[in-house]
Structures are given as C-alpha cells and as structure tokens.
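Across the two complexes that follow, subunit A remains constant while its partner is subunit B and subsequently subunit C.
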Partner chain A sequence: MKNVKRIFIYVFLSLAAIVSIFPFLWMLVSITNKSVDVTQGRLLPGTHLIENMKTLFSTIDIVPALINSTIIAVITTVLTLLLASLAGYGFEIHRSRGKDIIFNILLLSMMIPFAAIMVPLYRMFGSISDTAPLIGIDSLGAVILPTATTAFFIFFFRQNTKMFPKDLVEAGRIDGLSELGVFFRIYMPTMKTTYAAAAIISFMNSWNNYLWPLVILQSPEKRTIPLLISNLGSSYSPDYGVIMSAIVIATLPTALVFFLMQKHFVAGMMGSVKG
Partner chain B sequence: MSQQSTKKGEMDLPVRLRYKETKREKTGVYFKKKVGWLFIIISVIAITIFNFYPMVQAFLLSFQTGMGGNLEFTGLSNWQRLFGDPTFIAALTNTSIYLLIQVPLMIVLALFFSVLLNDPKLKFRGFFRIAIFLPCVTSLVAYSVIFKYLFGIDGIINIFLLNFGFISESINFLADPVWAKVVIILAITWRWTGYNMIFYLAALQNVDKSIYEAARIDGANSIQQFFQITVPMLKPIILFTSITSTIGTLQIFDEIVNITNGGPGNATISISQYIYNLSFEYTPDFGYASTVSYVIVILVVILSIIQFRVAGEKK
Partner chain C sequence: MKKFYLMLLLVVGMVVLAACSSGDEETSEGSGSEGSSSVDTITAWAWDPAFNIAALENAKEAYNGDGEYEVEVIENAQDDIIQKLNTGLSSGTTNGMPNIVLIEDYRAQSFLQAYPDAFHPLTDVINSDDFAEYKIATTSFEGEQYGLPFDSGVAALYVRTDYLEEAGYTVEDVTNITWDEYIEIGKDVKEATGKNMLTLDPNDLAQVRMMIQTNGSWYVDEDGSTPNLAGNESLEKAFETYKKMMDADIAKIVSDWSQFVGAFNSGDVASVPTGNWITPSVKQAADQSGNWAVVPMPRLDMEGAVNSSNLGGSSWYVLNVDGKEQAADFMLNTFGSNPDLYQTLVEDIGALGTYSPAAEGDAYAVEDEFFGGQQLLTDLSTWTDEIPAVNYGLHTYAIEDILVTGMQDYLNGAELTTVLEGVQGQAEAQLK
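And now, the complex of A and B:
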C-alpha cells in the first residue's frame, strides 16, 4: 500500500515535470529545424540552427527591439529601485501617523487594474506629446514613466526595511551624515540583497510588459521584444524555426537571471508577503 | 551624546562636541520631520499622477460619449449600453469562466505539488521543484505564441493525439469556442502553478513538524492531515495567492490576444481585450471603454472583499 502510494506520487510528479518542461524542449529543438520539420512534429535536433539565426537577424528587426527593451528595462529598474527604496525607507524610518495614512492609500493603487487607467494615461501622454516629445506618445520615456513607480515596490522595500537595524541610522547621524547620507552610505550597502531581489522582479516585469508598450508605441522601429514576438506570432505564413529562435533569444535574459540568482528570485517573491 | 563625550578624553573637545550636537539635535528634529517627507514625495506624486488621477479621469470619462477627442457628458447612457451589449456580455462571461475554473484549479494543483515536494524523503525534489517552477521565466507573450503553435491544427498536440490513436482527425482547438477556452485555461495554469507553489513551499517550511507527528499518533491519515492541518495553517498565504490570481485573471489580456485574439467570434474575448479594442482597434470610443473598465474595478473590489470575508469567517 505504501509503495503503491509512492509510485503514484512519482508518476504524478514526473508527468507534471514533463508537461512543464516539454514546451521548452520543443522550443529548443525547433530552433534547429526547418519550418516544415516543425510542422511535421519533428522532436529531434536538426542542423538548421545557423540558418534560422541568419534569417532572424537579416529579415527581422530583432536587434532594434532588443536594444529598445534593454533601454526601457534598465532605466525602469534603476528608477524603480531608487524611488521605491527611498519611499520604503522614508515610510519605515521616518514613520509618522500622516505617512502611515498615505502609505495605506498608496497600497490601494495596487488594486487598480491597468486596463482601467490605460485610456486616461494614453490621453495624458497624448496631450504633452507636442511640448515634450521625449515623454510623449511613441516615446520610450512614456513607456517608462508610469511603470517606474509602483506601490508594490514601495511596500516591498518597507517590508524589508523592518529588518534593517535602526541603530545604524543613529550611528550614521552621530558620525555626522545627513539624512540622505545615511540612506546612500549606510542603508543602500546594507540592503544589497533586497535591491538584488527587487531588481530581478522589476527587470522581468519591464522586459515582459506588453499592454502598455502596445498602447503607447506606434512606429515599428520603437517596438519592444514582446511586441515583435506578438507580431511574428500573428503572421499568416509563419516560419516556425525563425519565430522560435526569436522567442528563445527573448527568453534567455530572464531564464539566465533565474538560474544565476535563484535565491534572490525566490527571496524577492517572498519579500512581498512576509511581515 | 554622553557616550561620545566620555570616549574622547580631551578637555575642550566635549564642549565643542556638545555645542555642535545640541545644535544638530535642534535642527535634527526639525530636519528629520521634513526630510522624511522628502523621501516619499516623488513616489507619492508619481503614483498620484499615474494611478489615482487616471482613475478619476476614467470615472469622468465613463459618463461621456463621442468619438476620439470629441466627448460630451451624456449621463448614464454608457452604463445602460453595457447591459444590451452582446460583446460586453461575452467578455464578462468569458472572464468569469476563466476565473471560476482556472484560479481554483491552479491553487489546488499548487497546494498539492507543494505538499508532495515538502516531503524530505522524496527523491529528485530539487529537480521537480525547478521543473514545475520553470514556466515562470517565460514572458506572457512568448509562452502564448508557443501555446498557439502547440495547439494549432497542425500543431504537435494534434500530431501526438493522432499518432497515439486518441483521435482520428485533427481537432481545430483554437477555432472551437469550447476548446479555445480550454486551451487558454491550460495555458494560464501551466504558466502560474509553479509560481504559487513556491509561496506554499515557503510557508510549509514554517509549519511545526510536531503537529503532523501528533496528528499521526492520533490516527489521522494524510488526506485528513492535508485538510485539518496544512490548509488551515496556510490560510493567509492561500488568501494572498487567490487575491493576486483573481486580480490577475480579471485583467487577462496578453494570453487572449496572442493565443486566439478573442476568437472564434468573441468566444474567448476578455474584458481587458474589449477595452483595448474599444479604444484602439475600432473607432476610438474612450467614454464607453472607461465604463467597461470600471466594471473590472468594481469586480476587483467585490471579489477581494468576499475573499477576505470567507477567509476571516472560519478563523
């Protein structure tokens, strides 16, 4: 009886693992095959990898899309980390009743569905397009601004600041550091792992963001990676080998981040609930 | 302050220090109060501009009609239009179906996996854990395109089913109103189950093992242990994951657009996709789009309150 149960558990988990991994294997095998072979269900590695990559880089504008996505993700992440950690620190270390009320109001914004505010946001950026083209419609700046400050990351930093030893703040003040000096010279270096975890989540969110860039970006040369892949995916005569190559290249950064920084990754997820 | 002056033994230094510190202390209190606001001010302004102000705008827009920029107030006409709009009703129905089937399915699966993987005697634990979590590294658009191809008429799922003799001719999954919904539910479940599992696994590590020992001595089998101990212990985290999943599924957009594009007909269209179509695909009708978007807001609020109530009641 015990053995039957054991076997059942292993069979069940193995099935789950196969279902989880299969699309990845299929993707990796497909980038080495011709489009025809992919449609015929070939599951063995082929010899078409270099050919697919050549076609991808010569016929599809994946390089500009990679550059756009990287610029957006890096700037968004830096802004998010700076602004959210400043706020999270401010709410926790310089705690006051007024700030606590504001904090709770900010948290409410986490429940706002993006679809509900995208039209007003679009109109808002449309109205400043002429005066400030760098943050107007069809600009990378407009993609970054609304996503760079979110209550989630402020909450995340505040939760983690609860474990930051307050004595260090006092020590810094006694050593003659200004309040901002304490933040930059003491808080930031001490909280490296929190920053790492937040950076991972922020980068992945930005790299994978689809709806807002779809709304605000219009010209093809400004497209980000998700917009490009969505476009490739909806073509009527898809070249599967090439599209799969684009998807693999788009997934590589996030997959690498995950495998290299697994601990931070999980810590980042957990940081949002503990406390 | 006194510690500092006792540490430094020199005669004139404490005086200077004391003078400096009282000054610092005075300005410090004043300074600290102000500077605290400086830390949060940029974020508060940004969130107000990019979240709260648009919410107010959307609310005002929901009472206006007109194409593009020519909007005028028409009272409740948009709200009346909702109930007679077949596309809106389709979008609301589809989103509710995704929510009612997908969220419970995923949470039960994730709980089940986490309990199995929490057993220290289990072999290949790390492998199973990484395998089940792996789908989370894919972007929503990328995995949606993959699922679209997997379930295409000449996709690999059809080839498998044909080769193993489960079906005699290919099923056009994405052109069938029921199958298309099934594919979308399967896709979301594939992507997010591992994500939720990680939360449960972490929470299970904090559960005292001796509770299970005691239950075993009392003769509770593993199913009883699961329902009598594990589920109650994990209740806060189950609540957290069901709220985030509910909010996520209510807003579902990327998957629908990239797997079925709402089709066939409007069999898979979601509320978010309908809002997008109203604003940017059809002739822009920002007023009515805002009305539809407020339906999501209302649903998020109601469902969150219900979930809190349900979780609070049994305590």
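And now, the complex of A and C:
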C-alpha cells in the first residue's frame, strides 16, 4: 500500500516537473532551430544554433542592452538592500510612537498598482529632465530611482529583524559602537541570509522590469533586455529562433544569481516564515 | 482601530485619485506648445524592422527636399509605442516624445480624439486625393488630415493551388466568390486532402472584421463612437458565416501568431484569408514555392458587398512638438510625394503603399515566381482601390473584446439576435 502511494506521488511529481520544465526545454531546443521549424513545433535539436547566434549578435544590439540591464539591476539591488535594511532595522529596533502608523501607510502603498502612479511619475521625471538630465526622462537614473526601495523590502527586512537578537544591539552599544556601527558591524553580518534572499528578489525584479523602463527610456542605446526582446517579437514575420536565443541569454544572469545564492536564499525565506 | 484603517484607506485613495486627475488635467496645456523652434534631429517611432523600419530607412535615402536635419529611426514594438504615447501624452510633458510616429489605423481615431492638440495637422502639407480613399477616412479627424497614409492592409485570399487541384478546383473557382461558396469548396478540400481550409483564432475576430468591411460596415456607426452591433445585418451575416465554418469543421483553431504562421508554413491549411503583409511569412516556407496563388477576398453574400477588404495597415503622424515643421517637411518629401520611393519599397521590402500615383511603376508589374508568376503587387493595388471606406471609430479593440465572448455564446448555441443585443448593451454601457 505504501509503495502504491509512493508510485502515485512520483508520477504526480514527474508530471508536475515536466509541465514546469517543458517551456525551458522548448526554449533551449528552439535556439538550435530555424524560425520556420519553431513555428511548426519541432521538438528535436536542429543545426541552426550558430546561424541564430550570428544573426543575434550581428543584427541586434544585445550587448549594450545586457550592460544597461546589469548596471540598473546591480545599482537597484545595492540601493534596495541598503535602504530597505536600514528602514527595516529602524522600524523593529527603535521605539517611536508613530512608527506603526507610518509602517501601515507603507504597507498600504503596496496595494496601489504601478500603472496608477505611472503617469504622475512620468510627469515628475519630465519636469526635472532639463535641470537634472542624469535622472530625467531617458536616463538610467530615472529607471533606478522609483524602484530603489519598495515597501515590500522594508516589510521583508522588518519581519526578518524580529528574530535578530536584540541583546546584540545592547552589547554593541555598551562596547562603545555608534548606532551606525551596530548596524554595519553587527546587524549586517548576522543577517547575511536575509540580505541574500532580498538580493535575489530585487535583482530579478529589476532585471525583468518592463513597464517603467519602457515608458521612461527612449533612445535605443539605453534599452534594457526585456525591451529589446519585446521589439524582436514585434515584426510581422518574427524570427523565432533568434528571439529564443535572446531570451536564453537574458535568462542566464538571473539563473546565475539564483544558483550562486540558492543556499542563502532558501535559508532567508525560511527565516521570514519563522519570524 | 477599524475606524483608523478606514480613514487611512480613504486618505490613500484620495491621494491616488488626485494624482491621476492632475495628470489628465494638464494634457491640453502641456502638449499644445505653439512655438516653432527647429531642431537638428527628428525622431521617428515605428515597429517591425523588416517592414516599417526598413521603409523609414528607405525614405531617408529617398528624401529630396532641402531641409538640413538628421532623422533618427527608433524601433519599438507596436504595443510598446501605444503604451509610451499614452503615458507621455497624458502626462502632458512633450519630453521624450518622437516627432513622427506610426499608428495602426484601427487605433488612430482614439488617439486623435483623446489628445486633440498633440498632433500636427497635415491638411496643407499633403494632397489627400493622392491616397486610397479608404485610408483618408481613418486618418482624418474633424475635417483635418492628420495622418499620412502608409501601408495598405488590403486583404486577400492566399490559396494552395495544389490542394485545390486535388479537390478538383482551379484558381478561377475561388476568384471573386462569396464566403458561402468558400465554405462549400472548403468541405471538398477537406474531404480530398484532409487539410483544413483556414485557421481561426477564437480570441481574434479579424475574420469578422474583414467580412463586414466587404459590405462597408463596421462595429460602430458613421459617427465613430456609437456601437453598431444589434441589428447590423453585415455583422449578423458574418457571425452566421463564422459559425458555418466551425460547423463544417474546415477550420483549424489556433491561439496565437506563431501557431497561425506555423499552420500555413507546415502546409496544414489550404488557404489564408488575411492582410497582404503576410506575404513574407508565406514565402518563408520556400519549399511551397509555386503552390500558392492570391485571389480577391471572398465577400459576404449580400447586396452591395465587394470582393475587397482590409486588415490592419497604418499611417504616419507628426506630433505637435518642437521640430514639427521639419517632420512635416520630411513626410512631404518622402511618403507624401515621391513615387520612386514607393517603387523601392515594393522592390526591397514588399511594402505596399496607398499612394495612387505609385501603382503605375514597373516594380508593381513584377511577376512573383512563388505565386506561380502572378503579378501580385498589381493585383493587390487594384483591390486596394476597391476597399469600402469605413470609419473605424474609437473602439475597435474594446468592442472586439466584448464580441469575442458573444461569439463563444453564439457558437455554443445561443440565439444570434439575443447575443448581438447583449453585446450591444454591454458595449453601450462600457463605452459611455
């Protein structure tokens, strides 16, 4: 009886695995096929890989787009980690009368969809474009700023800080560390897993962010990877082999970041549940 | 505590609303800049590198005016252009907006109406008599010509001659027919070859749109905004025809573009009724060369319907921002008055314009081996001139979203008049 149950579980899990892995498999197979084979649903690897890569790198500016995406994702992640952890730390460790009200307002802001604030945001950036071109329309700065930290990450850090031993803060203070000293020398090293988890989420969000970069970036040389891929599919007769190749390349960095930090990520997520 | 949260929610809600409304308010003020400062570089947004972008690059080469400025061509996906234009124009800042933009004809009226001062009229710049009549209706607004008509979306029936032959038909048998005749032929083809006659996508009623335009009808009335669904005889006929196709089991169901292209590339269907811009995709399957022909679109079996229709197609618009004079100058000296440019367009990229003087050129007369030596471009141009002009109005895609569910109800057995009255009610409520 136990064995039957086991077999059933394995069959179910295998099916689920196939369903979730199939799109990836198809993507990987498709980069080796001609566009016409892709539309015909060919599932076997072909011989067109090198041609697809050649077309991709010779006709499409994928390298600048990768560089732009990397710059934006790295800066956003660093800013997010720093700002959100400072805020989360402050909310949890320090006592203040109004902090719960402010925190609740922050949480409520998570419920406003981005599309609702996009037009006013665009207007704001439009009005500073002439005085501060570095963060105006069509600048990487304008992509980074609105997502530099979000209520979600502050919430994430606050929840995780709940399991941070407060005695350590006291001990640090007694030993003569400043408040920032406590934060950087004690809090940060202790909370490594939380930082890793937040880093992955933030990096992926930023890397995959589509709507805001789309409206705020105008010149082709400033495009990020998702915008570039969206363009590739816009043609009346798209080259699916090349599109798939671009998507594979675009997926690699997030996959890399995830696998590098996987161990910490899982620990960090567990932590947030426990907290 | 509950009260507190309610208050909080209220405050946040008000802030959001205020933010939205202030964005709208400024639209007219910001975008209506009347200054005429010239610029060194004008930008143009379009989609599809093989088609529209290539056309712009050709236009840069062909420019024969004396303006001194650079033209920067920027490629964006069509949906992306719509998103960017809507955000930019409704925020009221002209910062980052292009000088020239390509807009699909179905969407043109809604842009012209929503942002009345954002576009620069071309009434005095181009001669609208030079262009196909049906394009003028969709590119002008309140008596002003705003768009420069570009590609023809003339629809045609692409047929597999080898499959037809197998079923005992010739190309003549499918030329200038009605949809009902088409379905009968489709049944025979399916019986003889086992292949479906066409593809249908339940989420995209392009088929219905093409059918009703053969009879000069559309989803909306002449005014462009009142839904014209219940009691619209052409639409009723189109719905009935669509159902007949499903009942006759001659349609392969597809759910997206790649399946649609895949179906005829892999030889699964015997015909493709669609816009002429599909030609490059059909030719993609080089092994099918010589097995295709293109014939006029079937018409609805009604008095007054013609064997010509349209699907898609788009036009150029000049935005009312700095550099609009140069942008208008560029448009005039390229797409607006240069027949030679249109010759290169058909030769190099197969883009069929709607500039009538161009159709006489040699490039249009070329015989296409893929289509058995047919003078495809000449044929398509002839059919372009016969497309019934309709006002696409403001809500083509909004109404189509409603119609898609109506169509499903009808296919599932609901009464046609009830269905159309239902969608009419929905459309009226939604589009007020």
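Worth a mention:
Please note the rule applied: the second predicted complex is superposed on the first by the 238 of 275 C-alpha atoms of A that agree within 3 Å, B and C clash if a C-alpha of one lies under 4 Å from a C-alpha of the other, contacts with A are read in each partner's own complex, and residues count from 1 in each chain.
The criterion applied here is as follows: contacts are C-beta pairs under 8 Å (C-beta built on N, C-alpha and C of every residue); 3 or more make two chains touch, one makes a residue touch a chain.
Please read all numbers here as calculations on a predicted model, not as lab measurements.
Using the contact criterion defined above for the overlaid structures, shared-chain residue A:104 touches subunit C, although it does not reach subunit B.
Look at A:233: by the touch rule set out above, it reaches both subunit B and subunit C. Once chain A of one complex is fitted onto chain A of the other, the partner contacts of A:35 are limited to subunit C, with no touch recorded for subunit B.
Contacts of A:122 after superposition: both subunit B and subunit C are touched. In the superposed model, A:211 lies in contact with both subunit B and subunit C. In the superposition on chain A, A:3 contacts neither subunit B nor subunit C. By the touch criterion defined above, A:138 reaches subunit C but does not reach subunit B.
Contact with subunit C, but none with subunit B, is seen for A:220 once the two complexes are overlaid on the shared chain. In the superposed pair of complexes, A:47 makes contact with neither subunit B nor subunit C.
Once the two structures are overlaid, the count of subunit A residues touched is higher for B than for its counterpart among subunit B and subunit C. Once both structures are placed on chain A, subunit A residues 39-41, 109, 112, 116-120, 122-123, 211, 214-215, 230, 233-234, 238, 240 are touched by subunit B and, in the other complex, by subunit C. Looking at the complex, you find that subunit B touches subunit A at residues 4, 24, 28, 31-33, 35-40, 42-44, 46-47, 50-55, 57-58, 61, 113, 116-117, 122, 127-128, 131-132, 134-150, 154, 156, 159-160, 190, 194-195, 198-199, 202, 237, 240, 247, 250-251, 253-254, 257-258, 261, 271-272, 275-276, 279-280, 286, 289-290, 293-294, 296-297, 300-301, 304.
Contact residues on subunit A toward subunit B in their complex (touch as defined above): 9, 12-13, 16-17, 19-21, 23-24, 26-27, 39-41, 43, 83-84, 86-87, 89-91, 93-96, 99, 102, 106, 109, 111-124, 145-146, 148-151, 154, 173-174, 179-180, 183, 207-208, 210-211, 214-215, 225-226, 229-230, 232-234, 238, 240, 243, 247, 250-251, 254-255, 257-258, 266, 269-270, 273.
Residues of subunit C touching subunit A in their complex: 5, 8-9, 12, 16, 19-20, 22-23, 26, 43, 47-51, 74-80, 83-84, 87-88, 90-93, 95-96, 98, 257-259, 261-262, 265-266, 277-278, 280-281, 284-285. Remark: subunit A residues 35-36, 38-41, 104-105, 108-109, 112, 116-120, 122-123, 126-127, 129, 136-138, 211, 214-216, 218-220, 227, 230-231, 233-238, 240 touch subunit C in the complex.
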